[in-house]
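Letters A, B and C mark the chains as written, and numbering starts fresh at 1 in each.
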Amino acid sequence: MRIAVTSALVATMMASTAMAGGHAGCADGKTLEEGVLTIATGNPAYYPWVLDDAPESGEGFEAAVAYAVAAEMGFEADAVKWVRTSFDEAIQPGAKDFDFNMQQYSITPEREMMIDFSEPYYSSAMAVLTTGAVVDGGAEATIASLKGLKWGAVATTTAVPMIAGLIAPDSDPLLYGDNTDVTAALQAGQIDAALFDLPTALYLSAVVVENGAILGQFPADRSEAPDQFGLLMEDGNALKECVDGALAALKDSGALAELEAQWLQQATGVPVIE
Amino acid sequence: MSAKLVLSGVRKRFGDNEVCKGIDLTVQEGQMVCLIGASGSGKSTLLRCINLLEPVDDGTILLDGRDIAEPGLDPQPVRARIGMVFQSYNLFPHMTAAENVMLAPRRVHGRSRSDLQAPVTALFERFNLGDRMGHYPDQLSGGQQQRVAIIRALAMQPEIMLFDEITSALDPELVGEVLDVLRSLRAEGMTMILATHEMAFAQEVADKVCFLDKGRILEEGPPETIFGAPREARTAAFLSRVL
Amino acid sequence: MSGSETTAGGLSRRAAYEARQRKRAMRVAAGSTAAVVLALVLLVPLAPGWEKVQRSFFNGEVFAKTFPGLLEAFLTNIYIFAWCAPLIAVLGLVIALCRDVRAPALYPLRLFGAIYTDVFRGLPVILVIYLVGFGIPGLGLPRPWNSPYIWGSLALILVYAAYVAEIIRSGIDSIHGSQRAAAASLGLNEKDTMRFVVLPQAIRNVAPANMNMFIALQKDVALLSFIGPVEIFRQAGVYKSLMANFTPYVGAALIFLAVTIPATRYADYLMQKQRRART
């Protein structure tokens, strides 16, 4: 026990000397395991958030942000431990087996009543994923045109209230358990369009959906129904302050924007929906 | 009197067990023939063969001179001409007594319910069941059920009736009412074959008694001879056991 | 406690005794039930995590907000059930009859019936729903013929008909040969024997077992949500995600129970009635 504490102290000291202006030390005694930062992601974790479902590589936007936050908090890369959870595991009452959980969780006031979120690390544009056939059929990037489409979304995401809030389509949307089922329904012609965060939509349209297309986007800085991702933590987690400090530092230094530029495709050329 | 039914050399086997080993039997129009014999001697099987419920392996069965045992013959029209009543009544439990009786005339003879109403009611009344037509089998006593089963067979206006130990499942005090029905049928000249353990009754009403032993008719003749002076030792032995 | 009061009411000695026993049994049962409930109500909240569990699963505010939406979504379950159940009954009967045909010319039907029941009873329902619900529309059917409601329902119908067919067939087998013999002796053909004599009894005999199948179907309708339809279970999942709270599932469970418990009781009652009738 003493050895572990000592080595953790050493690691902390090393980290704090390495990172000028960092928040090293703020996590002391607040993590699950002393000297180790346990981070949860999805099972599987999806591109482009995590490449090849291997967060340990630090490749992919969320994986990269995770290591940057960890470093900012004073954890070496090898002091970061990854675990996997479903959404339900993340919100169930009782002890958590992670310090924070990152898998594109949107911050909403309702959710904040049950769990804690960090400050946002990403503001997501929402994009309309569809197929070439639907575009050829005359669908356009206008609300009026979108209303007439048959919509689909992943049931556990904030895309569901956004479809209702931003588009209010004529018929009720169909909802699915995961991305794969949404694209299957799109392919089967059971839905015309689905709402995803822009990076996911770009990936799905380019790689997964045959003849996929992005019809348009609701840009990230919209005022109505904004979608911001935060790190999810147990309600009342003492670590929140430390995590928020680290994120603020990354934003101030421009490091977060750099990671975004590096890992998330540029959304240029996707028309904005009026 | 003419021969209504003539069996010659009728054989029936179940696997290795030959149950009818060449049966010859002649039944005259209006005759009542009783089959007696030990349990397992083949009485039921013989009746089921006549009714074509069991296909016959060999031999002929002439009904009005026509061979009904011919392989490949459609059995349904033949069965419609021969009525059969079973030891365990076999009424259809989900139908009322009247529905039990009307089903076959409706489906086989294509008669309507309204057509059948009068004759069926008459049959029920004749056998003192006029007030039981709307009852389900489980609301009837054993004797009443067996009488309904007889009415059901009679409603098809059969030319011959086969009875397979129809009183064996009845309480003793109910046997009489069923035997009365048989007496009444005999009085009106119905041709009947009856497998029975009621020796006194056979003695009283049979025109001919056949003693079956291990799949053969060992001895046949008028009841006075069979019961009074049997020719075969086996017959005598059987009778001494049951009388 | 004086027994003379009750016997004075004109009851036989035995009836009076049994009435006393019943009253006593009821008092004991009520007492022990109350004790168990009381223990649960008092002890569970003492558990250290209870407050959090209560907030996540039994949250009054969330319940009030989501329950009307859940009820509305339950209508979808009812619709799907309502059109699946009769089709399952019909198809199940047809398959059962296929398996019972004896004419050699119809042997292919018999073979088909056997393969059908083997295959669809051997597959998980959810797999059939995915295969039929996404696969067939994927062949390029135009809307509305590619609707997940149609093909998802078909998947349920195919699977449940296989079970119902087996139940009906066991019912047919349970009818004693003497019933067929009696019908045959009257000159009825095989078709009429089946239709008027065997089937009515067979179906009545297996009614309770089929009741249980339909209770299971009522629950499995929720599986259709995997291919899009927003029925109660999916709606509860949406609420759960939006509010990070499991209370909507509890609401959905209550609605399910409100339907399935009376149905189960009724099936049990039928089964008991039948047992009594047989003995």
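In the analysis below, a contact is a pair of C-beta atoms (placed from the backbone, for glycine too) under 8 Å apart; a residue touches a chain by one contact, two chains touch by 3 or more.
Not measured: the values here are computed from a predicted model.
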| Overall pattern in which the protein chains touch one another (line/ring/star/complete/other) | line
| Centre-most chain [mean C-alpha coordinates] | C
| Measuring centre to centre, with centres taken as mean CA positions, what chain is farthest from chain A? | B
| Just curious, how far off is chain C from chain B if you go by their C-alpha centres, in Å? | 47
| said: I'd like the Å distance between the centres of chain A and chain C, where a centre is the mean of that chain's Cα atoms. | reply: 41
| message | Just the number, please: Cα centre separation of chain A and chain B in whole Å. | response | 86
| field | Touch list for chain C against partner chain A, complex | value | 49, 52-53, 55-57, 134, 137-138, 140-143, 146-148, 225-230, 234, 237-238, 240-246
| remark: Note: in the complex, chain A contacts chain C through residues 87-88, 91-94, 108, 110-111, 113-115, 150, 152, 155-158, 160-161, 172-177, 181, 184-185, 187-191
| said: Considering only the defined contacts, which chain C positions touch chain B in the complex? | reply: 178-179, 181-189, 192, 196-197, 200-201, 204, 277
| query | In the complex of these two chains, what residues of chain B are touching chain C? | reply | 48, 51, 53, 75-77, 79-84, 86, 88, 90-94, 103-104, 107-108, 138, 152-153, 156
